[in-house]
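Alright, structures below, take your time with them.
Shared chain: chain A. Partners: chain B in the first complex, chain C in the second.
Coming up: the complex of A and B.
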């Protein structure tokens, strides 16, 4: 079986019908209300596939569900009994965009680099991924800048290119080959003309982006701490704390785990999506929050997406799908952010945080109190911490705790 | 897994979202991208709106009070008992001794059925709901001025306004999707005026921010109009063609002394001039307001003043302008529309009109009481002298939401018989003789009407949890036990009856709602397309009516013993009495406990520190609550959210009400603060 094939469009439904008979088929479906969502397709003939627009939420929910029961527990006498709820289902995800598929590859790294997350891996290893290269990038797409599209060089099981009346099909990982070999009669060999045409389509797609952003400059300014403080202030004011950017982001993987009682003796341990822009995300037991101010949380979010990911995974974790660009209440999206950062003149900013700011961020003192203490400090010459304690604004314990946490001392 | 499109159960923005259902449980939500308000995103509450549905505290079976304790019972027993007791009270003391609280959290159909049940089965017009506590002044004030008490324009029009004036609405926190349209307008170059005693987040984007003292809205609004009049910025053609009583209005306004503005409200005349010129100087200006305007003893006056301002400048009756009272709950607009009010049947049809009553009597096959009923506030006030003996409360929680909680709770305690239907054992349900477990929004069909008058579907995604039942079913089963037959195949059939009897809903049918994104009322017949903005070409009442309003101060002002202003309100992650939002992990985590916002200067004088508890004392009672220092509240003013049962702000508030709308003055009372040692 060659690595490239042609699937005439009239055979797509037949091919998908075969798949749906054996595995759970998930594909982008435009519903009666006009929304396109990744849906479980039990009958291919009953739905209208939408291969032209971006589904509202990414496919991550099929690997890391919004709410997932990890295990059930029961309290019997003095003992607890546990029953693991490991997922076990074979799936084919058809019609992914390259950005969304790339995001799954990113998840693959995250969910097994230190701790092998069996829940994720069970789902993942049983799923075959078929993407459709974006021959027509949509408004707000910037996967080319993020280097995760519009077509992929690897990582897919099958990659489709829409060539009008037929699909050019590239076979990637073994799962893809398995499907094609099983139902090989739907496919035809490619000609050199097909190859040339496909190449043209890829080139045209790559030149079709309205949105081009400079990740490298943004990352480097981040790493060198050259992002103007005023920008964080502005973004902090604009953020409405909805959490939507994380919920729709294909690479946001943060989760929360909690025990959810079902009755007095039974319960479930559940894992749910979480969002780092929420105050509760970093608040510690006892109420102290090292990122009390929203601007700090916004900073953390962009830091994680750009600089942290670059340092750890050698590339930003944003895949340029454009979802956050479309949904943000306050227009604090990746495109807006990177452009603003790149536009400001580069300059070395102070690197170390001062105690006053640490306390301010933690909400332990107000701006006015800090200002008053700084004014007094100019006369007395005392350290700011001592001045604040003397003024009765804050206790020694609070200062010590805030300092310890900020400096990573337990 | 499958997905069911429905309408969010929290605020009245009316976002549509998909509930994700797996193995009979709701595991997530996805916003609709095509929905004109949701536009692919939700606020934090919306994203987590499914989180309470399967909470272990859900009421799963009826409860009956036996020997002082609520114990498990079956439906037959519970409904029989409720019917028997309500009938007994009715026979002994008359229908007027019974009262009903309907619910702005329930569907239009349920509100309609409950008001029908009250009027037709119980024979009382004592039916009300929490609009009394939020927008009753809008219903009355805007009705007097314009002829309709709802938002004049649709939400999305805001994006094309040139000037937006926001007052008494913390829009980013309480109606995030509406704030999103304001941000859209700002991005297109619109100007923003924010007038609020608290420096709300939106004020950071304001081109003019005015910080009046609490309860001085009539003053600054009159001042603004005086400036507009003096500078000739009014829209004379509009006034001549579309309004009445202008001459009498201006005669008094002309005498208004601008010096009063600064003295009473604390706003400088220069600042007010900037705001006045900004608002009056453009063609498309909109006003957005909410409970900071209405929850005052002068609530109706405040609303009339806002209407005056809009008419004076011709900023109403046109697209991208108007007056927008932002309704709080998902269906508070609908609950009003459905006649869960003491004086009107569905569609604001006057109960006192014989002709109207006859129309309903013919369909309902019974005679109706003709006298106006008691408001929610008056019902509880009437328990003491035995005028009200029994109550049915559906999905409302006055034991936390009403003012002066000590008195409110005493009234609930004193009731001869109280039945509560709710999804959780609320503070109110704890007083009940019978508690009926109701189904949540995810477990029933129906419609709700958003703040922009958009009637939309909610759809059943899962069967009712435990033995709970949709309120529609509860009401009908109860009615039949009280010898009044109420039988409907479905909620769609209830809507057919609503459409038959309610002109503004005359063209509302489920098949039409299922096709698009709902319908805007008035929608008078099956071919009527609905009305995104009201008063097009002419006001609903004919001509808009100017009415000069004289300033009246709040009922309770700070004095030597109680030197602080207290104002109450809501915060972003929580919802009203917290029965749902505080059971949702992500929301509860955002704000796990109550707090009081205090200006740092006041805190210093009092010697209270951030995060440390302080005692807040009013003439009615006291609570202890943690301090949150912020410059967002001015000196001598504190703010406490009312969501938290451990520190209920309404222990402190008083129950003096607006004389017309009977809304309590939640926004102003006097307190003192004491350090907790």
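Coming up: the complex of A and C.
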């Protein structure tokens, strides 16, 4: 079997029908409201496949479900036992895009690094991925800048290129070969003409991007901590804390684990999606929250996407799909954001703050109170914190927290 | 080597989120809202495999309440079971407090890096604990006592809100009788029966006669207390890598995946919870 084949479009339905008979088929389907979503397709003829637009939600839910049962537990007498609920299902995911596939490759690193997550890995290793390279960038797509598209060189089982009346099919991982060999009668050999045409489509797609950003500069600004504080203030004000960006982000994987009681003697331990922009994400028992301000949470999100993922997993975790740009109520726009960061003067912004300024910043004291305390301090020679406590302006606790910020103890 | 390979194989096939059953062997009331639980594994095989170092933590499951990260407060050299001191804070810890001898809990771990023992050998130790923060330090102190010749002079400074809030009272006096171990306790608020020091932990510097020479300082407690103590230690001349503390974060998975405890590109559950002040300073202020 050669590595490249042709699939006439009139044979696509037949091919998918065969797949759906043997495995669970997931494909982008346009629903009655006009939205395109990845859905489980049991009968190919009953749905309208949409291979033209980007599905609103990425396919991450099929690897890390919005809600999944990790264990069923029971409590009888004194006994308290857990029973694994490991997924075991064979799937084919058809029609995902390079950005989404790249995001799955990112998930792979996260979920098998150090400790292996069997829930994810079970699903992942039993899913065959059929990618459709994007011959025409959609609005707000910037995968070219993120180096996650529009076509991939590896990672897929099969990669399709839309060539009008037919698909150019590249075979990647063994799962793809398995499908093609099994139903080889749908496929035809490629000619040199097909190859040339496909090559031209790829070139045209790569040159068709209107949204171009400089990831490398932005990432280095982040890693060197050169992002202006005022930017976070502005984004913090605009963020509504709804978590929508994490919901539609193909690489957001943060999760919560909680118990869902079923009865007095049994229940389910479930894992659900979570988002770092939600207020309770970092709140500790007792109420202390290291990221209690929205500005800090949004800052965390962007740092994670661009700098921390790069440090830890050697790649930024933004794949340039543009979904968060479209969903944000506060118009927090990743593309605009990266451009703004790149345009900033490249000087170090990180400076050690003075205690008085930290307290002022946190709204714990007023400018007048600080001024009065500074004047008194000139006479008494006491540290500013002690002076403010003596004046009854603030409590020891406030000073301790500010001291923590000054020392960098989170 | 063979052991390491076996551990790796086990990790590949085992479910990292699966709690093991443990039963409560003993409950000791420390204060009005803190209890120490001694746990035993239901499965002998698993008990044999459970090894940890001081400063590590476990995730404790309570029926219908989920999981919470709790520091181990017993020494790895203690053969009487695994001990956890738990303060009543919310739903889960409230439910644990209702548990009695024979009740079962779920447990997975140990997680985290633990205290850097290899850096502590041969050094004098200054151990500063506030409130329930003494729990992880207790694991280390008991370990140091059982391996006494490996360590130098040990100074334990412990503070709580009132005399009624002091934990491990028997241990505190027992440690004090050990050779080259000095324990000083303080409370913030006066009470009729209290004969010891009154004031914050930082009021103990004079009494403890501390010197940064050949000393490693380890501080566990509320971030506010840690800040005050670190501030003073730096002034005394302690090196930034000789000051060690623990960070507390909301955690769900314990294995560096769920994202809740991340600080910069580090995970508190995996790269911590023990950090030197030098490491903490290098963490981004962005949290």
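The rule is simple: the second predicted complex is superposed on the first by the 350 of 410 C-alpha atoms of A that agree within 3 Å, B and C clash if a C-alpha of one lies under 4 Å from a C-alpha of the other, contacts with A are read in each partner's own complex, and residues count from 1 in each chain.
As a working rule, a residue touches a chain if its C-beta (ideal position, glycine included) is under 8 Å from a C-beta of that chain, and two chains touch if they have at least 3 such contacts.
These numbers come from a predicted model, not from an experiment.
Student: Once both complexes are superposed via chain A, do chain B and chain C end up clashing or fitting?
Tutor: Once both complexes are aligned on chain A, chain B and chain C fit side by side.
Student: On the A-aligned overlay, A:37 touches which partner chain: chain B = first, chain C = second, or both, or neither?
Tutor: first
Student: First (chain B), second (chain C), both or neither: which does A:393 touch?
Tutor: first
Student: With the two complexes superposed on chain A, say which partner A:63 touches: chain B (first), chain C (second), both, or neither.
Tutor: neither
Student: Going by the contact rule set out at the top, does A:106 touch chain B (first), chain C (second), both, or neither?
Tutor: A:106 sits against neither chain B nor chain C.
Student: Taking the superposition as given, does A:160 touch the first partner, chain B, the second, chain C, both, or neither?
Tutor: So A:160 meets neither chain B nor chain C here.
Student: What is the C-alpha-centre angle with chain A at the apex and chain B, chain C at the ends, nearest 10 degrees?
Tutor: The C-alpha centres give an angle of about 90 degrees at chain A.
Student: Who does A:94 touch here: chain B (first), chain C (second), both, or neither?
Tutor: The answer is neither, since A:94 touches no partner chain.
Student: I'd like to know which partner A:363 touches here: chain B for first, chain C for second, both or neither.
Tutor: So A:363 only meets chain B here.
Student: Touch test for A:261: chain B only (first), chain C only (second), both, or neither?
Tutor: both
Student: For A:327, decide between first (touching chain B), second (touching chain C), both and neither.
Tutor: Only chain B; A:327 stays clear of chain C.
Student: Quick check on the superposed model: minimum Cα to Cα separation from chain B to chain C, whole Å please.
Tutor: The answer for the closest chain B-chain C C-alpha pair is 11 Å.
Student: Please identify the positions on chain A that touch both chain B and chain C, taking each partner from its own complex.
Tutor: 256, 258, 261, 274, 283
Student: If we count contacts the way the header does, which residues on chain A are in touch with chain B in the complex?
Tutor: For chain A paired with chain B, touching residues are 31, 33-37, 39-40, 56-57, 61, 65-68, 237-238, 240-244, 247-248, 256, 258, 260-263, 272-274, 278-280, 283, 287, 323, 326-331, 363-369, 392-395.
Student: Enumerate the contact residues on chain C facing chain A in the complex.
Tutor: Residues of chain C touching chain A: 11-12, 15-19, 21, 23, 61, 63-68, 89-90, 93, 102-106, 223-228, 230-231, 245, 247-250, 252-253, 255-260, 262-265, 270, 277, 280-281, 283-287.
Student: So in the complex, which bits of chain B are touching chain A?
Tutor: Those in contact with chain A are residues 1-3, 5, 16, 18, 20, 22, 27-35, 39-44, 46-47, 56, 172, 176-177, 179-180, 183, 187, 201, 204-205, 572, 585-586, 589-591, 600-601, 607, 609-611, 629-631.
Student: If you look only at chain A, which of its residues touch chain C in the complex?
Tutor: Touch list, chain A to chain C: 70-71, 73, 75, 78-82, 84, 86, 110-111, 113-119, 225, 253-259, 261, 267, 269, 274, 276, 281-286, 288, 290-291, 296, 299-300, 303-304, 307-309, 311-312, 350, 396-397, 400-401, 403-405, 407-410.
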